[in-house]
Structures are given as C-alpha cells and as structure tokens.
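Presented below is the structure to which this report refers.
In order of appearance the chains are A, B, C, D and E, and numbering begins at 1 in each one.
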Amino acid sequence: MTGSLLETMLSLTIVIPMLATLGIIVTGSNPNLREIVSLLASLLVLILVVNIYQAYDQGESISVFWLEVIPGITLSFRAEPLGILFSLVSGFLWPITTLYSIGYMRAHHEKNQTRFYACFAVAIAGVMGVAFAENLFTLFIFYEILTLSTYPLVTHSGTEKAKQGGRVYLGILLSTSIAFLLVAIIGTWQISGTLDFSSGGVFPENTSTSILSILLVLFVFGIGKAAMMPFHRWLPAAMVAPTPVSALLHAVAVVKAGVFTVLKVVVYIFGIDLLQTLPATQWLLYLAGATVLLASLVAMRQDNLKARLAYSTVSQLGYITIGALLAVSAGIIGGAMHIAMHAFGKITLFFCAGALLFVGQRQYHRVTTNRRQLEQVVLAGGHTGRRSNAVNGCFANKLFAQYCLPDANTGPRVLFRQG
Amino acid sequence: MNTLGLYNYWVVIVLMMTGFYIVIAQGNLIKKIVGLSIFQTSVFILYISMSTVSGGSAPILKEGISLYSNPLPHVLILTAIVVGIATTALGLALVVRIKEAYGSIEEDVIHDKDEKEC
Amino acid sequence: MLATHLPVLQVIIPLLAAPLCVLLQHPRMVWYFALLVSAAAFVTSVLLLQQVLETGEISYALGGWAAPWGIEYFIDSLNAYLLLIVTSISTIVLLAAQTSLAKELPDDRHTFFYIAYLLCLAGLLGIVATGDAFNVFVFLEISSLSSYALIALGKSRKALIASYQYLIMGTIGATFILIGIGLMYMATGTLNMQDLALRLADIPESRTVYAAFAFFIVGVCIKLALFPLHQWLPNAYAYAPSVVTAFLAATATKVAIYVLIRFMFTIFGVDFFTTTGPWQNMLLVLALFGILTASTVAIYQNNVKRLFAYSSVAQIGYMILGFSIGTAGGLIATLLHLFNHALMKGALFMALAAVTYRVGSVELESFRGLGKRMPWTMASIVAGGLSLIGVPLTVGFISKWYLIVALLEKGWWFVVGLILLGSLLAVIYVWRILEAAYFSPPENNPDETPEIREAPLSILLPVWILVFANLYFGIDTRLTVDVSRLIAQGFFGVSP
Amino acid sequence: MWAIELPPFVPFFIGALLILVSRGFLRAAIMLAVPVLGCIHLWMVPEGIHWQTEFLGYQLLPYRVDRLSLVFGYIFHIAAFISVIYSLHVKDTLQQVMSMLYAGSALGAVFAGDLLTLFIFWELLTLSSVFLIWASRTEKAYQAGLRYLVIQVLSGVILLAGAIFYAQQQGSLQFEFIGLEGVAGWLILIAFGIKCAFPFMHSWLIDGYPEATPTGTVFLSVFTTKVAVYALARGFPGTEFLVYIGATMTCFPIFFAIIENDLRRVLSYSLVSQLGFMVVGVGIGTSLAINGAAAHAVTHILYKALLFMTMGAVLYRTGSAKGSELGGLYKSMPWTTGFCIVGAASISAFPLFSGFVSKSMILIAVLSEGYDWVWVMLIFASAGVLHYTGIKIPYFAFFAHDSGIRTTEAPTNMLIAMGISAFLCVMLGVYPQVLYRLLPYDIGYNPYDATHVLAQMQLLFFSALAFAWLNLRGMYPPKLKSVNLDVDWFYRRLLPGIIKPCYAMILKTDASVRSYFMKWFRQFLFYISHHHGPEGLLSRTRPTGNTVMWITILLSCYMAFSFIYSK
Amino acid sequence: MDNNKHIFDNPKNIKRVIHLLYICCAVLFALDFVIHRHTVHPWENLWGFYAIFGFVGCVALVLIAKWMRTFLMRPEDYYDPEEPLADKKTVNEKGVDNVGH
C-alpha cells in the first residue's frame, strides 16, 4: 500500500466516526437507516484499523499531519504499537456494542436515540484520536472530546439522578484534566520544548527530579479517566447510564483511553529509564496498589450489579497503572495487554448485567435468587475479568508480578496478589 | 511659605475631596452629579494652576509683555470643560428619565423598587 | 494618496458619519449607512495593519503640524491590531443590529442609536489611533458619553440606573486619567506619547510622576473594570440592548486595556512598571481576585447576560494577569486574549441577542429546552462557552496556553493553579446554561409557545461568523500570534 | 507407534462439549466412552515430552509423560470411568459437563510439564469442581461452594506468584524438583499445600465435599487432592518438612472424625488423614516412599471413592448421611453394605485389601529412614482409621440402632460402580504386583510377609476390641446433631467477627469524616453563595457611592506607595 | 416394608460377633509368641506391642475426642447466617438421640 493511502486511512479512522455523527443526525428520523449508518461506520473503522495494523506490521511507518495550532504544537497522528492495540480493541468492540445498543435501546424504548448514537460516534472519533495521537496536545484534544461526548450518554435517561451522576462524571473528568493534565502538558512543553511522543522520553537529562516528580503526579492524577483513587468517583457515578454506555465507558472507550494515556505518557514522555529514578513513582505505585485493593473491597460490598462492576473496573485499572508505573518493558506490555483483556471481559459482564436488567434485576441479591443467571454472570466473570484465568487475565497479571520483583516493590506485589 | 505658595493646589485637593464626598455620601442622584461637577472643577483649577509661569501674564498677545503663562493647559481645559458640561447634561437627562421611570431620584428608594421587582 | 491619510480616515469617517445619520430618518437606511461606515473603517484598519506590517510604524501629523507641537496620529502594530479588533467586531455586530433592534427599540430611536453607536466607534478608534495623550482623554470621553447613551437605551428601566452608575464611575475614571495626563504634562511639558516617553526617561523620578501614575492607573482600571472597580459593568452589560452589550463587551474594555499597555509600556516604560514599586503585584493580586470572585459570582447568576458580564470581569482578570507578569510572554498572552476574548464574548452576546429576539428573556429558566428549538443559536453558545473555558481548538485555549506558559517561565506554579481553578469555575457556569438548554425539558409545553424557533439569519450569520472565527483562530494562530509577538518584541526588544 | 499424541485432557474436554449438545443415551455413551478410549490412548503413548511451545521466552511443556504421571493418569481414567457409571442416573447437564471438565483438568495438571500449564489446569480444576458443589442447589451448598472457590483460587494465585518467582530465579518454568530454597519454593509449596489440605488449610475440604451432590463428592474425592499429591511428589520429594506435616495430617483429623456426625464429613476427615500418609511418603522421598505414596494414592482413590459412593447411595436413598439419623440399613441395602465393608476394610488396611499393600510401603519407608515418632504417629493413625472409618461408617450407617428407615437397594448403575471399585480394591489387595508394576520406581517389594500381616492384624483387631469395649461400656462418643468447630471457624466466625465490627467502625468513621467534610463543604458553599450568590455581597447592585469609595481606597493605596517609593 | 427378622435383630448374633472378636484377638496375641518377626524398630520387639498399642491408642483416641467435644461442639445451625449467634447451652446431650449403644 502506498504511503498516502495509508495516511488517508489513518485520517479516516477519525473522520469516519465524525461523518457518521452527521449521518446519524441527518437520518435521525428513520431509525433503521440511522442504525445502519452506525453499524456501517463501525465496520468501516474496524476494517481501517485492521489494515493499519497490517501495514504497520509490515514495517510501514504511518503518520499524518493535520495542522499546526501554535508553532511547534501540531494536530497530527501516528500509528505506533500501543495505539494500534488500543484502536484495535475499540474498533473491534464498537460494532459489537452498536449491535447490542440497537437491541437494548429498542427494547427499552429509550428516548433521544439519535442523540445517543451521534454521541456514541463522536466518542469513537475521540478514542481513535487518542489512540493515534502523535503528541500530547492532540491526545489532550481528543481526550476532552471523549469526555464531553460521553456526558450526554451518561445522563441519557434525563432523570435528576442521571444528571447528578453526569455532573460528578463531567466535574471530575474535566476538572482533573484541566487542573492537572493541562498543567502537566504545558509544564512538559515548558521544560522540554516539545510535546511529541518519542520513545525514551522527551525531558532533557539535567531536569530536576522534583519537578519531574511533580509532573508525574500531575499526569497520573490529571488523567482522571484512569480512575486512580481518590479521583475514581466518576466511574461509579456514571453507572446511571444505560448499559451500552457502561460498556462504552468501561470497555470500549473511556477508562481505556485513560490508562492508555498513562501508558503513553510513561513510555513516550518520561521514558521508562527516567521513570525508574523518580521518587514519585514509588509512591504512586503504592497508591495504585491501594486502589486495586480498596476498590475490590468496595466492590464486594456493592449490591447493585453495575456498581459492583464499576468498582471492579477501578480495581482493574489500578493493575494497568501499576504495570505502567513499574517502568519496565514487560510491565508496559502487561498493562497494554490488560487493556485488551479487561475490555473483553468487562464488556461481556456489562452485557450480561444489561440482559439481567432487562429481566428487571439490578440488585445483586435479587439476582442470586435466580441462580442460573448468576451462574452465567459468575462464569463469564470467572473466565475473564476477575478470576485470573489462562485465557487472558493471567498473562497480564503474570507480567506485572514478574517485573515487580527486580524493583523489590514488595508492597504493590503483595497487594496485587490479594486482588 | 512654600505650602502657602501652593495654595491653589490645596484648593484643588479640597474641591476634589468635597466632590468625592458628595458622590459617596449623597443618595440623591442630582446631588451626586453636582459632586461630580465639583470634582471635575477641581481638575480645571489644577490645570490652570500648573500652567502659571511665575511673573507671567495671561497668554494674550500684547505688546511689551514677554513672559506669558503656558496657554496650552488653558486650551486643554476648555475641552475638558466642554466634556464636563456634556457629562453633566447627560447625567441630568438620565436623572430625568430615572425620575420618570421610578418616581424618585433617591438611590436607596430606587434600589428598593428594583429589589421588589425581582 | 489616500493611503497616506489612512490613520486619520480611520477616525474621521465614523466621526463625521455620525451626524449625517440624522439626515437618514428611515431605520433601515440608517442601518445600511452605519454598516457601510463601519465596513469602511474595517477596510481601513485592514489596510493599516497591512501597511504597518510591511513598512513599520506610521506617524501622521494632524493638520500638518509636526509632533510634538501638533497632534500626531501614531500607528504601530499594537494600534493596528486593536483597530482591527474594534472595527471587525463593530461591523459584525452591526450586521445583526437591524433585526435585533427591531424588537428592542422603538423605530424612532434607531437613528439616535446609530449616531451614538458611530460616535462610540469613532471614540474607540480615536483612542487607539492617536499618539497624543490628551487626545486619548477626549476620545475616551466621546466613546464613554455615547456608550452611556447606548446603555440607557435598554428596554428595562434598570438600564437607566446602570447607565447612570456607569456615568458617574466612567467620569471619575476619565477625570483621573485627565489628572494623570496633566501631571505628566507638568513634569515633562509635552503631551505627545513618544515625546513623553523620551522625557520621562530623562527626568529623575519625582512625586509628580508617581502621582500621575497613581491617578492614571486607577482611572484606567475603572474603565477596564478591574476588580473591585468593576461594579458598573455587570448591570451596564446586562440591561443594555443586546447589540450594545456585544459591541461594548468585545471592544470597550479592550481599548481600555490598550490604553493601559500603551501608557505603561510606552510612556512609563517597562522598567518603571516592573522594578519600582509593587505595581506588578498589586495588579496581579487584583487580577487573581477578579478571576476567582467574578467567576464564582457568575455561577450564581440567573440572568445569562449578567452571567457573561461577570465572566467578562473574570476574563479581564486574565488579561491583566498576563500584563502584570511584565514579560514579553505575558504581554503576548494579554494581547492574544484581548483578541480572543473579543471573539468569544462577541459571539456569546450576539447569540444572546438571538435568544432575546426569539424568547424575549435571557433568564436561565427560559433557556430550558432551547437546545432543540434553537439548535444553531445554542450550538454557537456551546462553541463560545467552550472557548471561554479554554477547550483546545478554540481561541480560548490559545490565550490560556500562552498565559500559562508565561507564568511557568516565571515559575509561578501557584498562580497557574488559580488560573485553572478559574477555568473550572468557567466550566460550571457555562455548563449551567448548557444543561438548561440541552438536558432540561422546556418549562412550558412547546405547543403553547410555538413561536420560539430558530433565530433569523441576519442574527445567526454574524453569530456564526464570530463562532467560526473562534474556531479558526483557535486552529490557525499565525496572524494573532505573529502580531502579538511583533508587538511584544517592540516593547521588550526580544523575541520570546 | 501411536500416531496421534493427544494430551489426555483433550478427550475429556471434547467429551464435555459433546455432552453439552447430546441427550439421553448418546450422552451416557459418550460419558462412558471418553475415559475408556482415553485410557487406551494413554496406554499407547510413549514416555517423553510430546508438546513444546514458547511463551514469553519460556519453554512450555504442556504434555509430558513419565512414570509418575502415568500412574496418576491411569487411575484418574479408571476413577473417572467408575464415577461416570455411578452418576449415570443423574440428569443434570451442569454436573455432567463439569465433572468431565474436572476430570480432564486433573489429567491436564498431571501431565503438565511446566508450572504455567499446571497453573492453568490448577485453576480449571477449581472452576469446574465448584459447580459440583453448587449443583446441590441449596443455600448451604452455595455458601460452602463460595468458600471453597475463594480458597482454591487463593491457592491458584499463590501458585502463579510462586511460578513467577520461580521463573525469575531459575529462568525456566519447567516443573521438576523445586525444593524449598527461596521464596518461590515456599509459595509453590503453600499453593500445593492448600490443595493438599495441609493442617490449617484443610477446612475447605471438610467444608465443601459434604455439601456436594452424592455423585459430585465421588468426583471431588478423586481428583483435587491427588493432583496436589502428585504435584508434591514431583516438586518436593525428600523434603523433610513434609514428613512432619504429613504426620500431623494423619493424626489430627481422626479426633474430629470420631466426634463428627455427618458420615460424609467423617469420610472427608479420613481423606485428610490418608493424604497425610502420602505426604509423609513424599517427604521421605526414597524410591520406596515415593512408590508408597503413589500406590497409596491409587488405592486410596479406589476405596475412598467406594466409601463415598456407598454414602452417596445412602444419601440418595434416604436423604441423609448423618450418623444420628441412620442405622439398620443393611436390611434394605445389603449390597451397598457389603461394598461399604469392603471399602472400610481397604481403608483400614486389612491384609488382602488394597490399603494394606500401599500403606505398608510407607510405614516401612518411614521406619527405615529412622523417623521413629513419625512412625508411631502413623501406626496410631492406622489403628485409629479402623475406628472412625473402618467401623464407624458401616456401623452407624448400616447396623447399629435401627433407625427404622426402610428403603430400597441403590440403583443398578451405582451398584455396578461400587462393585467395580470393590473388585479393584480386593484385586489390588490380593495381587498387588499389578499396581507395583505401574509405580515410578522398580523395586522388589512384597507386603505379604508374616511380620507385617501379623502386626497389622494385631493392631486392627485390638483396635476393634477397643471399639467393642468402649461401645459396650457406653463410653463411645454418642452421635449428636451438631457441628464441630474446625479451622473454618476462623474465617467463618472469627474473621467476620473481627471484620464486621472493624468494617462497621471504618464505615462509621468514613461516614462521619464524609459528613464532616460535606458539612464543611456545604458551609463553604453557603459562604460562597452568601457572598457570590444573586443577592450576595459581591453580586448585588451596589450603590454608586460604594464603588467610588473603592476608587478612593485604591487611589490612596497607589498614592501611598508612590510616596513610599519616590525618592 | 420388610418385617423379616434380620441377622442382627437377634441380640444373640451380636453376642456371637463380639465373642468371635475376642477369640480372634486372643489368637493374634498368642501368635506373637509363635511367629518370629523380623523387626526394624526396637519397640516392635516388645511383647504384644502392636496389640497393646492398638488398644490403648484407640481408647485414648476416643476419650480425647470425646473431651474435645466439650469445646468444639456447637449446635447444628451454628453457622446458619439467618440465626443469631446461638447460645451454647442449647446443645443438650440428653435431648438428642443416643445411637451409640
């Protein structure tokens, strides 16, 4: 494939969902057409990302430049392994979620379905933008697009409770991203003069450790989508959303964008060698470990199935953050893999939860009375997210533990095991 | 004696403070405008005072006089006086309208009426 | 030939056109005329900017008397930049004036409105174009007096009170500036800005200069509505006719800031500002207070116009903050925000004009459900709001970016934190509107008020021009950043 | 010679799938055919490593055949076959599928050549087996199953951690001798130990097995613990620590077994005790001892399955397996009674029964290595086993005081299954060479010499005498409807007892901190809105004078500064 | 059901079984003198070691186990979640049927 075709394809992964948004709005009055547009766009994106993956696999370097906003700060995209992985996961799950949504939304006779599908498509554009962003600025933009486009989804039902949840959702995500992430990004710009992701990090060698530590902390907390405690509240708060949205939040897009950003920052802004030398890394590791544990504990006490799953997600994200902060290559690999594994696991769980909801049983204890369904859920969960299993979760977990050792990070390791 | 020598500056300050005090303390809208005028007047005097050249005569061309006060501030202050008049006029016009609309020109009364409206 | 007279044409065209309006009694005709004048001014300013960028500063001696004796019109990149902002906004606002005013003003007042409008425009342009300190005062008063009149045209009787208050304070402010100028003249014996700058640098710092400085800065701060001297602004903006609000919000305060920059950096000099006395810190503290307090107050406002008026106070805080850093980077941030804020507030207040046109009220309550009924208007409010917050790809982001970069250069992390806190407050007050518009059902049954539909094109068009500019200058920053850089370079001698 | 080298778990997993889609007779046929065919297949497979893959730079050997694994492989097939027959009457897809998966996982674990594969099957064992407990579909079974699941998963996670440490230390994941050097060894030992029901880790077994379905218990008794024994034999042979662990395991459960009322629970305790023998054998680690442990595993699978089957049949027919509720069943279930006695004789290690030929190997190995006190403990346990299992089980279930329960003989398929295992018990007892040939090490060993037989007979008969004497004197512990505290008390009573108040305290603190914070926050908000709100100080329309005052203040400030700074 | 007399319904048969046990024990004990055992452990040489060990050990086992009941036994519903923590005194040895005799 020629380079320009590939560049176009890369642009298209972002443009197609945007166009789909328009198409959805235009065809809003005809539900069938509207949903066909959604599905088509999702399939197209899937095909595109698969092609990009293959091209990259064959050694092609794909990058595309859109425009320069401020001298040195550009809107540009590049396909690199982490991003491709993330885009593949999301690209694969989007059609599935769309299919599920069609059934779900119709069965529930939800209102404002056009808005729902439109926002959904924008969110996917955001995801693709985050995945392929070549620099922090581009990433930040799409990160915010993702935040804003999911708010209407979270508050879809329009009830006062939904709005309350939506406020918490938006409040935490926006405030962390503006108050911390943006500062961190500008700080990075100030220190290194670039925002481009480059392997090995961007900071000059003589940068003071304390400044870098502050930056790291700002980054980790600023990426509110990674749901590090104590900025995790938005995730349980967002469970008021319809189930397909929860799937979008937990599996396809939002939280994954968060931890993905953490990974990107760790690998391409700090660089793992530098990260290992920062004192803040240790503390954040402990915090991530605590997040894993506490969220699991809280999850156990949740009666609402979706809340339970939400806290479980918080806990799982902690694993990925640990993987990133370990600052060793296999930790990164483990973290990246766990993005995919957790996505598949959690989406299954949420779909099951949605199915149960359809039967009218949101409360966990009521579900237990229907043992058969519980078994299904537990089985699905057992094989994927929660119970470490050969098929997926374990590999990621394994890698973490493996590389905890050279660091002698006993604390997180022990915590990890408990989880 | 220096202090007394600059007496017109003291006048400026006294006038200015008087004007200010009226604007701050008086609730009556017209009185406020009066205060404002006094305040502006102080500035006129300031300008005129500073244009004085000791021993100089008024800046009117006349034979035999070689030392004149600086005429420029006088010119400037003419403009300022015009502006001051315009301001006062506009202010008074507004007060008339306010009186029509509220039936009062006392600031607190007007304030209360606005409060009630809400 | 004409090109050499551009600086004076810039001012003289609207100034002379204003009385001519009396001849054109028909509202529509006056409107066309005013629009034409404003467009001409706009073209002039574009040409001027071009000229300045090509050949450098332009000095125009009025009536042929050379400076420092005669009055000089002096245009450098800063002036040209400001002229462009003022004329462009004025023209765009005028586009919508006819339609918007039709609902807000009786027909017989239209002529009067356009006279005042053009006078105000002329005043603002005069302030910017002139190179003579006293002339600044004169034009300031021209613009102020006409803006008092414009505000008093508001429908509500509160507009009268607002106008009156503005008059008192504006006069005090202008008079303070006058005193300042007088004291400067006392110290130096010149009124020409370039000359003043040269002579002030020579003479030893005296109490006269300090007193001039004190009077001047307080006077300007009243005009630009720096916290806590902002109290005239919310009411004036809230109760003035919609187009007036849009025009004043986007231009008047900007021009005041120009005056501040010009006097501070050109006349008193950067060193005076940064090294002697706590001027910098005083402004910084006031600006920060302004940002936080006004943003917080904005959150609680139920009148959306008033809400955005408070937001303006906060935004002025950002500009003064950048100014008070006293570095080239800070100045760039201020200048960018000057331009960008004009764009966003212009767009927002114009959108409010559209809402007023259809709904008749800008209370938050009446915004409920507007997202569906007036999609384009509300979309423009979304865009403007996002810009206000500083979301990337909007102009708001650009200026905030430069502001933070400038602060980080100084190492003022704490201030960065406060600024971002201000942004978050902006999120909240913008979100309140959006939530009402998009996520709240209309208060009354839509069937009962079927007349609420999308605003007419004549209002929407200018709104969307501004929204588009909001986005365009958020993406393509060459013009604004380059010009700002050039200006800063002029003052600080180095390119940041 | 054998073209296809399928790992033995594959037929079972395929079988599980087929069961899922088949019904009735076909399903039964598949279930029967899988172990038979699998066993024949295994017979043909030569020793060696048959599969190799690479994963993350580690060599994985998912299918390794040697003599140690073969012993377990064969007996697992046989046991699976018997258990399948026993459960033929069950019409429960969940149980059937899961039991197939369970058996397959056990085989997978036994033939795993590396720790990662072992871990995978280790977890699959857990996941499939827990459904056999849940299949009872009672609340009690559900709770017990959850506890079982948690502990088993814990074992798996520890194994994983251990494996990772091991890989870190050794650079290899190969599952060979591990030993207790370093953290890895200990972690892996603990993981194995949990599954092997080491003291204080045994409660899951006592807790879980009796709650499973009658047929499920049979499956459970066969696989999980024996996989653990196999893993110990593979990874920790000759670890002295295990000798003492094993000795403890043989002795302490018997006290509990004596006073236990639920006969299936008694069998569970006896299971732990018998595991102790194997662990001792592994701990000694000589070829005789390892042989003994392996042989004991084989015989134990057969007789323990037989005993569980008889109890299962009783439970199936009467609905209870409580000693206090049973009695006199020999009248209506004579065959079952007979098989039970065979099983009891086997577990008690009467000569000519299977227990004898394996247990004696371990005893001799212990003695010859000079573990005197361990030996004493083992023979104490050997004597005791007659009490709590050999006599107690048949006595209370089938004889003793007639409970008045009259029922019918167990279903035919159960009888056949019991018959086969009873036959095997006797056969191995009479002709042990069949068993010995399969064992990992070639040693000439003959259990039937006069010394052993006599000593064993004396031990057993006098033990029986003690039973008779105590019983006649009325000193034997009566059967009481009760539960007896065991280690599970710690996590079922003590831990919740501690955690609940702690949790309550934390919640209370949390709530009060939260409410304090919220109160503070609300006050803050109130303060903010008081000053900034629509009628607040800062947003009210202030009188003009007010601003002018501000102007004056600001001006004076500037003036003051001006005068300070001017020279 | 069946009202046939079964083998152990006749107490005599029980007696017979017990007597048979006594005889066996006696014979086995006697055999110790007859058969020479090759022993590994010195204790094994003790006269009647296995017999006595078996008897004493089992009696001790049972007595200890019975004693353990005093602190291990709890009512059957001890762990049942619905019930409040049961009072230990509710376990009444007389109340439950004694099958052991």
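Here is the rule we use: contacts are C-beta pairs under 8 Å (C-beta built on N, C-alpha and C of every residue); 3 or more make two chains touch, one makes a residue touch a chain.
Fair warning: this is a prediction, and the values are worked out from it, not measured in the lab.
Under the contact definition stated at the top, the chains bordering both subunit B and subunit E are D. Each step here moves to a touching chain, and the least such steps from subunit A to subunit C number 1. The chains other than subunit D, kept where they are, group by touching as follows: A, B, C | E.
The chain with its C-alpha centre at the largest distance from the centre of subunit D is B. Every chain gets a centre from its CA atoms, and the centre nearest the mean of all protein CA atoms is that of A.
Among the pairs B-C and C-D, the greater number of C-beta contacts is found at C-D. Ranked by separation of Cα centres from subunit E, the top chain is B.
Taking each chain's centre as the mean of its C-alpha atoms, subunit C lies 78 Å from subunit D. Chain centres here are Cα means. That of subunit D falls 28 Å from that of subunit E. Averaging C-alpha coordinates per chain places the centre of subunit A 66 Å away from that of subunit B. In whole angstrom, the spacing between the mean C-alpha positions of subunit A and subunit D is 39.
Residue numbers of subunit C whose C-beta contacts span two or more other chains: 161, 164, 168, 172.
Taken residue by residue, subunit B touches two or more other chains at 23, 32, 114, whereas all remaining positions touch fewer. Shown for subunit E are the residues in touch with two or more other chains, of which there are none. Looking at the complex, you find that subunit B touches subunit C at residues 23, 29, 32-33, 36, 39-40, 43, 46-47, 50, 72-73, 76, 79-80, 83, 86-87, 90-91, 94-95, 97-98, 101-102, 110, 114. Contact residues of subunit D toward subunit C in the complex are 528-529, 532-534, 536, 538-539, 541-542, 544, 546-548, 550-551, 554-555, 557-559, 561-567. Listed in rising order, the residues of subunit C touching subunit D in the complex are 161, 164-165, 168-169, 172-173, 176, 204-207, 209-211, 213-215, 217-218, 221-222, 228-229, 231-232, 234-235, 276-279, 282, 293, 296-297, 299-302, 310.
Subunit D contributes residues 541, 543-545, 548-549, 552 to its touches with subunit B in the complex.
Per the touch definition, subunit D reaches subunit E in the complex via residues 143, 254-256, 258-259, 323-324, 327-328, 330-332, 364, 367-368, 372, 375, 379-380, 383-384, 386-387, 396, 399-403, 406, 450-451, 454-472, 474-486, 492-493.
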